[in-house]
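Let me give you the structure first, and then I'll get to my questions.
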Amino acid sequence: MNCYELTKMTWEEVEASLKQVRLAIIPVGAHEQHGPHMVESCDAVLAERMAVKLGERLYPYAIITPTVNMGVSTHHLNFPGTISLKPTTLIMLLKDIVSSLKHHGIERFLFLNSHGGNQSTLDVAMNMITEEMNVEVYYAKTTASAKNAIAENVHSTLFGHSCEREISEALYLAPELIRADKLQRGDIQEPGRWTQLRPGKALKGFYRYEEMTKNGCIGDATKADFEIGRQIVEEALDNLSSEMMKLIKEDSKIL
Amino acid sequence: MNCYELTKMTWEEVEASLKQVRLAIIPVGAHEQHGPHMVESCDAVLAERMAVKLGERLYPYAIITPTVNMGVSTHHLNFPGTISLKPTTLIMLLKDIVSSLKHHGIERFLFLNSHGGNQSTLDVAMNMITEEMNVEVYYAKTTASAKNAIAENVHSTLFGHSCEREISEALYLAPELIRADKLQRGDIQEPGRWTQLRPGKALKGFYRYEEMTKNGCIGDATKADFEIGRQIVEEALDNLSSEMMKLIKEDSKIL
Amino acid sequence: MNCYELTKMTWEEVEASLKQVRLAIIPVGAHEQHGPHMVESCDAVLAERMAVKLGERLYPYAIITPTVNMGVSTHHLNFPGTISLKPTTLIMLLKDIVSSLKHHGIERFLFLNSHGGNQSTLDVAMNMITEEMNVEVYYAKTTASAKNAIAENVHSTLFGHSCEREISEALYLAPELIRADKLQRGDIQEPGRWTQLRPGKALKGFYRYEEMTKNGCIGDATKADFEIGRQIVEEALDNLSSEMMKLIKEDSKIL
Amino acid sequence: MNCYELTKMTWEEVEASLKQVRLAIIPVGAHEQHGPHMVESCDAVLAERMAVKLGERLYPYAIITPTVNMGVSTHHLNFPGTISLKPTTLIMLLKDIVSSLKHHGIERFLFLNSHGGNQSTLDVAMNMITEEMNVEVYYAKTTASAKNAIAENVHSTLFGHSCEREISEALYLAPELIRADKLQRGDIQEPGRWTQLRPGKALKGFYRYEEMTKNGCIGDATKADFEIGRQIVEEALDNLSSEMMKLIKEDSKIL
Amino acid sequence: MNCYELTKMTWEEVEASLKQVRLAIIPVGAHEQHGPHMVESCDAVLAERMAVKLGERLYPYAIITPTVNMGVSTHHLNFPGTISLKPTTLIMLLKDIVSSLKHHGIERFLFLNSHGGNQSTLDVAMNMITEEMNVEVYYAKTTASAKNAIAENVHSTLFGHSCEREISEALYLAPELIRADKLQRGDIQEPGRWTQLRPGKALKGFYRYEEMTKNGCIGDATKADFEIGRQIVEEALDNLSSEMMKLIKEDSKIL
Amino acid sequence: MNCYELTKMTWEEVEASLKQVRLAIIPVGAHEQHGPHMVESCDAVLAERMAVKLGERLYPYAIITPTVNMGVSTHHLNFPGTISLKPTTLIMLLKDIVSSLKHHGIERFLFLNSHGGNQSTLDVAMNMITEEMNVEVYYAKTTASAKNAIAENVHSTLFGHSCEREISEALYLAPELIRADKLQRGDIQEPGRWTQLRPGKALKGFYRYEEMTKNGCIGDATKADFEIGRQIVEEALDNLSSEMMKLIKEDSKIL
């Protein structure tokens, strides 16, 4: 299928594409530990693969930028290899990308983010960039909108990092990220302060990932499955593409 | 009831209190429009009142700092009187408060926030302050944990700003904030781009509040009620105090 | 008397007031120790009360913003409870306030400051904000212009912090700040390096407040008196209001 | 051949590798136009491929980090698609990467850079990071040290961007970057201010790339050749690996 | 007379001097218009000359650093040639100087400043540098302490910039700065907003120098005199040196 | 000869000169150790003298600003007396100078730099200032373009800091900088890590100057000679002035 990927285009090809493009999708990932069964580029690669698939659905209105391949991963820093950007660094990086693309005439942006730890920074970035540059900024967690497929297929009470959901997505999108012979459940540490700080609790708070899981993953990766991944990814793409297409079409210049 | 409020104490009284204090509660509000029936200091005042009530429940372990009386309100700026801080300003302000209090020996902090627009900035602040200062940081939306009372009493599908929930809280905590003769429903603007961007939707995105509501409020303030406010506030205080007390007690220095 | 206080107004009320408003008064205080007889919010509260009184005199030309309730108090940090902002934080905070209000059409600002330690930062802020935002900025120490009343009534050679002058002002403006049973003279530490660094000396230099006074106050608070406070405050208000009114009236839009 | 690539490793694998690793190689590229015959990710991809090849030669002493896939490309911004980071953003990004890896015990770093426009920023970054973090920092232009192979094979007087040298390197390292049917000479614009500002001239100065070349490339890409690329790349790798191995071995912990 | 001037010393000479040096004097000037009868480097040169004279008196305890030859001159910017630093730039510059000298073992600093427009920035710099670097910082206006000589010899009600006081100082310290054939009185513009904003008035506020004086000077330069300059300078040096010597001697390492 | 030197002009003289001026030359030096035979202000003084000589040749098109008399000298910091600015400080300083002069109508700038350690920072500054302020920025190493004179007269393989080249330049431009009785060769430390990091090597890297030379100089200062200095300086001035004059004349406003 067709997709405008900036990394794979010459400037003449970009110039031609810009006649139709109404949106830049900026894949935002992370470089962080994903337990013993997933390599550390997981989030960067999944964000990029999702961006391309979304770009295919939004063709010829979307163009995919290079991937932001590191993110805010402070809570994983005690696992070897994790690299973490300060939130202010990530914001400056996104500002520069948006500013450059605005120079080329693009005024609508989607940060397509695969890593939960980036969400609040992206929200702040969206706020600041909108104010300072007068552009339209959106962000989304890659597969968060696949509510049905997740509800049906993911049964761990605690999931969201190198779990059956993420491994399933990777089986569908990027199986090379997985050490299939190492798949294991999260080695959850209970009781623990972290149990008070999960989404939905009265308090939010910072905790190190090793407080929660000794092997760095949660959920049950052994339950991961290509078909589950396919359902989650495709449902998310359905949602993201239809929602974004509505926004693009409101723009009087199209249709 | 007893409560350590820094604004009402002399240094000698602070010195004495610090022998028992294990937590500083920093009330974080905003200065922004709240429709025709609520004054603009609403969030600052409610955060402060909640902080004092929580401080009473956590006495003698908590001390209440001066209130951060302005916040991130970019989306309200087109309504007269709204003041908005850049996220980076709010973060620096919180850093300085935490740093000063750490100098006095306090190492656990709760940002008690009444304004949704601050949440992502507080999350980023928590992340950065924890890393840079080696302290324990938490944050909470004042009454978000009152899930039962809200489910029973708040029936608008769209609520959360100068709605029946917030006005009810104010009737209980600070009725002077309300223009009782001006209570009205949100003047919702539909259809609109904002409908695609509310919590739970596939995309998050920045929109101006006037895109959503012409009078600056949502929900139905005419349904507000003191008793509803009491239930919401007290349920939230139950949750916040019991969760925080667990964290304080894990600290071997107590009990 | 009438006064436009932003914290007590709805957006519709602000909108109406802005037809006449020519000045925003930003009260700037501090949160710092004031000896054993005054609570730590002293400066924030006094700045706010003075601002309202000045706003009454300048009605309907002035509007009062929320109070900047913490300031630059580095020299008091070794007294428990003191919170100090970095000068750069205070400047950013003021920038954001001014920028927001300029968005609403206000172009003249007065930082009404009760705390000596803020003065140089306010001067720098005035300089930078004027340059960057093309607005008219003024600042004033709340009661510094009451030269006659001070000369007649304040007799300590060393005064200016929780002394008879400040306690008298508080007796008139905010008696709840005072621990009347604890009033005492400053416990001055002589000789000391600080004696070389007071206003009027050849050198200026940083010193900690405890180098100068063991109990955190100077002067003689036991000599404070409501009537002295009244005279100082009212003389200052006479001066501030008449000077500011001249500036407002030069503005061709008025009279 | 073996190479430690962080993006392809789990945390357990990283942990094991760190027992031997003495150097992190950070590939630094750019995202910028490369004329009609090369895609815009050229520099990012070539830096990454070179890093892996260098990592193979330095195995098991070197580990390769994720690629910095955008750089300082201000001078190319008028060609569609180019993205440029502010120098300060690139410096902050490198600081965060180095800081994270130092947390894991690595204290020697090589910024392996394929883009001339990054060199001065990397020099500044090296200076600042060394001072602030007490680590050992080096940087190198990927193939600049291949002096013999370049002298023998590259005959354009003006070369260095999407020229026969760079296309030859790509033919050897990443032929998918090339539009083989579009290969063309630089469309050089003479006379021009830029002729006074090339390396070796008395003055250095900023000029836009389109001042120098209308199609965005210089030199003569039609002369590019796999074998030339092989010679340049391998000579550079010989030099980089032997020089770096000397530095690693001076470190008493090895051999 | 002897004076340690860093600009005139080799590193070996500096090394020897540091055995006795207890203070670095940093001359801080400006580059700004001084009316038709004084060149624009006036403040930089006078600060430097005063620093050397003070260094002679404090020999061998003081060392003179290079001169900060530009300062905060926003209010003079509309006169051709004036260069103004942002306050934050001046602060960073001073931080770097202090930090470097602390590296060499110096822990006491005097910013010897000839330009009124720098004073509040120096106060802020002193505050921040003291906090961040744990050094002892002082600042002084070069001749402000010569109260007797000024009271006796300077009779203009408005003076302080290229007036009889400053020209007299220059006649004594650096007569080459003066255009003797151009000496003139300030061309004062009255009435004017500035009259409300001079020292001692109820309000402080930013005004452009051309609002106050058309030719850029105030006072009456035609009354300037070498002997007046001598008296002012020498009285100031008496005060500065005796005060500073007291501070140096308190330091137990001396005498 | 005539030269517009801002430090020696009144504002009226500047105003008159600006009718013809097309370029501001900003001398950029350093304050750092130069071995036992040269004082630490060497670079600042040489940059200033070169700027004046270049200004004479470009009269009446060039104006000389005050000298940036400190620079980036991290690598010399372990020699007593050296002062080093952070690169970001130097950039901010240059921004403020350029911004002020742009206010006066100047739009072309040359950073005339005598210190190698500043070059990359100047390159970054040029990049950022050009982008942000839309001015024309150039920079040059003072005598680097004197290739013939250097090739003929300088025979040390390692030279460039307080060597026969620099001392010769000083003999011609500023002999007061030299301790003629202390002239000596560099006390080179071999072998050493630095030998791998000199210009032309495969790797660039940070090293401390004392790693390379014990006495702080390189080359052979005893071979310095006034005539060599004259040839180097004059050849460089020939090149700089002719190149710059071409750029000035392209500007249609001239000739």
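Think of it as A, B, C, D, E and F in the order they're written, each chain with its own count starting at 1.
Simple rule for what comes next: a residue touches a chain if its C-beta (ideal position, glycine included) is under 8 Å from a C-beta of that chain, and two chains touch if they have at least 3 such contacts.
In UniProt terms the chains read A, B, C, D, E, F = Creatininase family protein.
This is a predicted model, so every value here is computed, not measured.
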Subject >> For chain A and chain C, chains touching each >> reply: B
**OP:** Determine which of the two chain pairs, A-B or A-D, is joined by the larger number of C-beta pairs in contact.
**Re:** A-D
**OP:** Compute the distance, rounded to whole Å, between the mean C-alpha positions of chain A and chain E.
**Re:** 56
Original post:
If you average the CA atoms of chain A and of chain D, how far apart do the two points sit, in angstrom?
Top reply: 27
**OP:** Please compute the C-alpha centroid of chain A, do the same for chain F, then give the distance between them in whole Å.
**Re:** 49
**OP:** Hunt down the residues of chain C that sit against at least two other chains at once, touch-wise.
**Re:** 86, 88
**OP:** Assign the assembly's chain-to-chain touch graph to one of these shapes: line, ring, star, complete, other.
**Re:** ring
Original post:
Starting at chain B, then chain C, how do the chains run round the ring?
Top reply: B, C, E, F, D, A
Subject >> Interface residues, chain A side, partner chain D - complex >> reply: 6-12, 14-15, 18, 31, 33-41, 44, 65-67, 69-70, 77, 79-86, 88-89, 92-93, 95-97, 100-101, 103-104, 179, 182, 216
Subject >> chain B - residues contacting chain A, complex >> reply: 72, 74, 86-88, 110, 119-121, 123-124, 126-128, 130-131, 136-140, 144-145, 193, 196-197, 201-206, 236, 239-240, 243-244, 246-247, 250
